[in-house]
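Below are structures written as structure tokens.
In the two complexes that follow, chain A is the common piece, with chain B as its partner first and chain C second.
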Partner chain A sequence: MDNLQIDGTRQTPEISFNAESGILKLDGRSIPENTFEFFTPVLNWLDEYVSSAPDKVVAKINLEYFNTSSSKYILEILKRLKVILGEGKDVLVEWYYEEDDEEMMETGEDYEDVSGLPFEIISFEEE
Partner chain B sequence: MNTYEKFRRMMDNHIMLSFKGEITSDIITMVLQIMETKLDSVSEKGSVKKKIFNVLVECMQNLYHHSEAEEAGDISTRRAMLELFYDNDYYYILTGNYIKNEGIDPLKERIERVNSLSKEDLRRYYREILDNNLISDKGGADLGMIDMARKSGQKLYFKFHDVNDSLSFFELQVKIAKKKEK
Partner chain C sequence: MSNQSIYQNELDNLDQSKKFLQRENYSQMEMQLEFKKLVENYEELIDQVKIITKISDRLQKKLNKTNDALESSNVQLADLNNQLNKTIDQLTEAKIGRKAGTIVMFLAIGLFIISEVILEPIIDKAFVDQKYVGLALKLVVAILIKPGEDFANNYMLKKARKQQMKEQKEKMAIEDSKKKKKKKRKVL
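This part shows the complex of A and B:
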């Protein structure tokens, strides 16, 4: 299966999904007005990935900002990972937040709770 | 008022940005770009800047998706306003847009519900809505309002101004404390 690579912009995150290694990176910000347009290919890729995922899949989510209309798509991404987990694969979500960004930390906890996936919530220092 | 008086008024009220017009995708991009540059130059902590930016993003999405046209059927009259200013203690994000009169009661109920909840209850409510997948592509449900209330840590101030038989003007003001409140 092909990798999924989408460059980041000022409104949309960089997507870097490596099919073979199982490392799925989401980086930057997600604040577009039309979230449907942006996330549809991402969700389609994951739908296909369910049947070809390796034994271990790690999603590295490092978002600086995202709007509420992106938030349901982030959950949709996690739901597909849940299906992969259900197939007996090892799935981990690494949720990154900048040290003093309490909201982003709490949002990670919210997603952990709602998705029921194993999460590691990781802080990093501001540049 | 002469031009210098106008300038002084803007200075004295610490107006960082003032906009009136149709909120298009391009305008949102530009406003966010301007505000990022402006916020970079203020001496607030990173977390305060992030909160301001977050609330601003959400406010502009609201204006983009929910402004009614001033003249029915003419989308070029979906005029709205946005203003950012500060005083000693808070940053303020003020928006105004037209709304159909029949939309007032449901919106009022939603904001009042959000305002009535404690921090922990807001969080529970957020999870509930996220989990139930009640969010449309417009953001919708109550998530935008909950998010602004959570990020700002303050009650949302709102007011409906009478316009005519079919429209009102919806004012929303979100404030963000400069210092963390205990």
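This part shows the complex of A and C:
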């Protein structure tokens, strides 16, 4: 299966999904004008990935800010990861936030609660 | 279109339930199954709405915090800009003051030389008995130095301010035309 690579912009996050290594990175700011157009290929890729995912899948999510419709799509991404988990694969979500960004940390905790996926909430220092 | 598409799954589920209701015949078991599915979908939708609302409110808070920080930075920047303008004004005034002082000094020296070389001999001849006339003339020149310096200072300061305003107007006109060009590009 091909990797999925979408370069980040000022309004959209960088998507870097490596099919073979199982490292799925989502990095940046997500405020696309058309969230459906942006996230549909991502969800389609994940739908296909369910059957070919390796034994360990790590989703590394590092978002600075995202809009309401993106929050719905993040839920959809987590739902697909839950399906992979249901297939008996090892799935981990690493949720990154800047150390003074309390809101993003709590958001990660909320996603952890609602998704039922194993989460690691990781803080990093501001550059 | 994009908003409809976000909830495509949920809309599809709703359509399915509506279609089921339009059927004329269905067994108790089928109805129970359909109702169970509907309740499950509804429950999931409520969970989603709850979490999305919570996250959205929280990120709005983050946005407000960022806006506040930006506003406070803007105020600080405006203060610094004012201070800078004041300092520039003070420097300009000092520079002009020095220039005016130099000009008046040279003028005074010139007047002194003129009075010594040209006026003094004439006065000496005209007022033979009155020795203090020449001295009085020099005194008048000396008294006029300070007001002369002030006059030159004010005149040069006015000129410099006019020049500053002209430059500022030109700058604003350039910025306006840039903004207009940007707007035009957006419209196109």
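To be clear about the criterion, the second predicted complex is superposed on the first by the 127 of 127 C-alpha atoms of A that agree within 3 Å, B and C clash if a C-alpha of one lies under 4 Å from a C-alpha of the other, contacts with A are read in each partner's own complex, and residues count from 1 in each chain.
The definition used in the following text is that a residue touches a chain if its C-beta (ideal position, glycine included) is under 8 Å from a C-beta of that chain, and two chains touch if they have at least 3 such contacts.
Keep in mind it's a predicted model, so treat the numbers as computed, not measured.
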item: Touched partner set for A:E98, first chain B, second chain C, both or neither; value: first
item: Partner chain in contact with A:T68 - chain B first, chain C second, else both or neither; value: both
item: Chain B versus chain C as contact partner of A:E106, first or second or both or neither; value: both
item: Doubly contacted chain A residues - partners chain C and chain B; value: 34-36, 65, 67-69, 71-72, 75, 101, 103, 106, 110, 114
item: Chain C contact footprint on chain A (complex, rising order); value: 34-37, 40, 65-69, 71-73, 75, 101, 103-104, 106-107, 110-111, 114
item: Of all residues in chain C, those that touch chain A in their complex; value: 1-3, 5-7, 47-48, 51-52, 54-56, 58-59, 61-63
item: List of chain B residues in touch with chain A within their complex; value: 25, 28-29, 32-33, 45-47, 50-51, 53-54, 57-58, 61, 64-65, 123, 126-127, 130-131, 133, 135-140, 143-144, 147, 150-151
item: Residue numbers on chain A that touch chain B, as the complex places them; value: 10-11, 31, 33-36, 65, 67-69, 71-72, 75, 98, 100-103, 106, 110, 113-114, 126
